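Two complexes follow with chain A in common, the first pairing it with chain B and the second with chain C.
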Partner chain A sequence: MAQAKSMAAILEFLSKAELLKQGAEARVYRSNFLGRPTIVKERFRKQYRHPLLDEKLTHRRTVQEVRSVLRCRRAGISVPVVYFVDYTSHSIFLEEIEGSSTVRDHIASAPRSASCEGLEPLAERVGQVLAKMHDEDVIHGDLTTSNMLLRCGPEDGESELFLIDFGLSYISALPEDKGVDLYVLEKAFLSTHPNTEALFERLLKSYAVSSKKSAAVIKKLDEVRLRGRKRSMVG
Partner chain B sequence: MHLTHELELFPGHKVTQMLFRDVKNATELRQCAVEGKINGALINPTMLVNPFQVLVAANKAVNSQTNGKMKTRSLYSEIIFNLSPTNNISEAFKRFGCSDGDDSVLVVLVHNNDESQLLADITARVSGRQVPVEEVSSLTDHAKIKKLYKVTPEEEKSGTLLDAVVCRMAAKDVM
Partner chain C sequence: MTIVIGFEGSANKIGIGIIKDGEVLSNPRRTYITPPGQGFMPSDTARHHRAVILTVLKEALEQAGLRPADIDCVAYTKGPGMGAPLVTVALVARTVAQLWGKPLLGVNHCIGHIEMGRLITQANNPTVLYVSGGNTQVIAYSERRYRIFGETIDIAVGNCLDRFARVIKISNDPSPGYNIEQMAKKGSQYVELPYTVKGMDVSFSGILSYIEEAAHKMLSSGQCSEEDLCFSLQETVFSMLVEITERAMAHCGSGEVLIVGGVGCNLRLQEMMGVMCKERNAKLFATDERFCIDNGAMIAQAGWEMFRSGQVTELEDSWITQRYRTDEVEVTWRD
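Moving on, here comes the complex of A and B:
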């Protein structure tokens, strides 16, 4: 079957690449592609799913990811460049952001005492970037500090903040969806980084100032906070 | 002078690029290409930012060919089609293919092994001066490219023109 051929070629290539992570949905590899350091995100088959459903779902997730990345790029948000997409193996070949660390590692490794002072500018920048993304009506869907990369710039230059992993992203103008997006980040943020409530507040303030449609979104965020587990919706 | 890169995904497929300036027989070359007499893709280098762009287009073309899913009739026309941000094939040829009266041309070859004969064939056919492929960036028409690919001002601030172009090429079939 002709269709299996390119998939075989890619799987062969990936077998020699360096496996960085295996998530629930995809494997992430590192290699060189067309002479450039590249990250390959391969969405693998889920055997427990009905094959037709699996194919549709995996294809849709791949397509959504690529669309969101391009949409963010058009708005001037730093995201990796997409080099190549193969729809038979559902693999996305992206630019590797070299010399970077996740925001999660950055916050975790910041010294305890100065933790909140040094990180405030970072929180503000994250707020700004998310505001830009939501103004473009892109919902990330999986906002965590592990999905944000900081690439150290030159000595006196500013480091660049990248957003990655748009696998669960979609396009929506609804404040509800944006509010939920921020809520996901809040939950992830506060559980990963203890005692950083003030830092997250800073992030939200920066978001509110930078986004043109923030009022409705923050209002929805407050509403969403009242829902959920162990929360009484009375009153 | 010329640049050759073996596609990592398709070992055995080598992509060679050759750049010529002061070309006098563009009309004749284009005719030969249309008739299939030249074994290569003839590209208008003013529409290119960097040789990397050509590799991206060639890789995608070989991938489509391997799957039997090319949108055009040959590998070389597929490479030219992949460079274009739109799905209109004739528009792609018009904009990215070499036209009569062009004074520069970039030739792309996809081959297996011994390239010296192929290179000699091409050099013999082109009535022009071969220059290092890297020089293509001095021929780039930035304004035309920005307009054609609809590159936004915000995008230009946060990334390079090459980033913008390559991203659109890679995402073309889903946008």
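Moving on, here comes the complex of A and C:
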């Protein structure tokens, strides 16, 4: 009974909110919650999945996302604040990072637009942030340039880099898992932004310098790269 | 007017097809089918291909009503695939090319599937899900390459299904995947199986080893039927495929999906993908078994595109390779 009531309340709230986008995982809304600009991430039911599978997956991902975000926050990594979680509608209420845009958009529009951050310093910054996250043993699981937000600071101030979308994340200390995490980013990076190999190298160098356990991770990354399917294992 | 003949035999299907400016003139094919519980081995498969290829070649020409002189180009599968069968087919392609005095073209098998899918469905610029016994990739075209956005990090989904079929001795005629599909329709109980999506990639070896081990226990304890296992396996692996396709679409801002490859014949997969597309106002494109399953015409079609954009494969470069990435090819026929 209580479940149905809270579900209805959330849906009522969302019906008045502004739908920002429908990602692969969830609908993202913008609204106001307890006086603060809020993003609501609603993992709606995927009709193509069997209901039992859908429920298990959706619940697991909601829980994983919230746990990882909190863990990152405690480690000092910039992530949105979690205001509220509802497990009936699988909705997460998060701080809205106002005035930001995705790293993907920044890279895609450079050098035509005057971005607040040049591409190379941006790549270095991403490397640093990921190093910090991995040192915390958080594996993001879905690293892409669409899952990183850049908020430009005041005129000559520091811009802030946020990580979002921790639905596929988990905790692991294994260099293999961190290497795969970087590999997922590398593939997403290079397929979305063609001809940016040098930029990604910059990112990796910055990661290697910033992380205390990077040597093993980079070694694993090299191994995983060779493992790609239908790829000649020579050289 | 450009007429291309295509030779395909990278797995257990041997097909030869002829395309004339977007029209499929002929597309005969034979499949090497093994007894239940057995997969197909490279040398046996090559032996099968050797035995039938000249018959299939004759059929292709006769059904198209053409003579060798009418052909403009001989296309063949350069890779990826199984070594011995690839060699067998390439050898015949090279020989006829020299006999008929026609240029050769080595084609990437995956690109053959994509170009055939584009031709048949007229999809504009879709996110492509290429799923077969040997390959599982999510591909999108960008700046002269078919870029791989997501793929399996271990085995292909078709391979997972085929190997499961062997565990419970499902017939391989006409194909294990088809028979799993029919049995799944009669299944109703969903059995929880491992679900592994890593970013835009998927992994099937975990679910395969789980089900290989657990199947006999679950069946003998009466917990579920073979039909239930087929049903549960399909629901799980297809959900994984739909998920990574949707992620790629969201990332690229794409509104079209094209499914190609043998597993693309599966109507349940098409149905699930259709539901996902409907939810995002996207369009789904799929082909039927004539073109989903490996065939010669798809190689001819890709060859047609390559040939018309000025590509040719010299004899000394007409080798085959078991490993050939989709994104290695420069797509000179699109801008």
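Just so it is clear, the second predicted complex is superposed on the first by the 220 of 235 C-alpha atoms of A that agree within 3 Å, B and C clash if a C-alpha of one lies under 4 Å from a C-alpha of the other, contacts with A are read in each partner's own complex, and residues count from 1 in each chain.
Assume a residue touches a chain if its C-beta (ideal position, glycine included) is under 8 Å from a C-beta of that chain, and two chains touch if they have at least 3 such contacts.
If you're wondering where the values come from, they're calculated on a predicted model, not measured in any experiment.
**Student:** Could you look at A:22 and tell me whether it touches chain B, chain C, both or neither (first, second, both, neither)?
**Tutor:** second
**Student:** Given the touch rule stated above, what does A:34 touch, chain B (first), chain C (second), both, or neither?
**Tutor:** A:34 sits against chain B, while chain C stays out of touch.
**Student:** Please work out whether A:66 is in contact with chain B alone, chain C alone, both, or neither, and reply first, second, both or neither.
**Tutor:** So A:66 only meets chain B here.
**Student:** If you stack the two complexes on chain A, which partner ends up touching A:143: first (chain B), second (chain C), both, or neither?
**Tutor:** Only chain C; A:143 stays clear of chain B.
**Student:** Taking the superposition as given, does A:74 touch the first partner, chain B, the second, chain C, both, or neither?
**Tutor:** So A:74 only meets chain B here.
**Student:** Quick one: is A:10 in contact with chain B, with chain C, with both, or with neither? Answer first, second, both or neither.
**Tutor:** A:10 contacts chain B only, not chain C.
**Student:** Considering only the touch criterion stated at the top, classify A:85 as touching first (chain B), second (chain C), both, or neither.
**Tutor:** first
**Student:** On chain A, what residues does chain B touch that chain C touches as well?
**Tutor:** Touching chain B and chain C on chain A: no residues.
**Student:** List the residues on chain B that touch chain A in their complex, please.
**Tutor:** By the definition above, chain B touches chain A via 5, 7-10, 52, 55-56, 59-60, 63, 66-69, 152, 154-155, 157-159, 163-164, 166-168, 170-171, 173-175.
**Student:** Which chain C residues qualify as touching chain A in the complex?
**Tutor:** 79-80, 135, 140, 142-143, 145, 147-149, 151-153, 190, 192, 195, 197-201, 235-236, 239, 242-243, 246-247, 249-252, 271-273, 275-276, 279-280, 321-326
**Student:** If you look only at chain A, which of its residues touch chain B in the complex?
**Tutor:** 2-3, 5-6, 9-10, 13, 31-36, 63, 66-67, 69-70, 73-78, 81-88, 93, 95
**Student:** Which of the residues in chain A end up touching chain C in this complex?
**Tutor:** Interface residues on the chain A side: 22-24, 46-50, 52-53, 56-57, 141-144, 146, 168, 180, 184, 187-188, 191-192, 194-195, 227-233.
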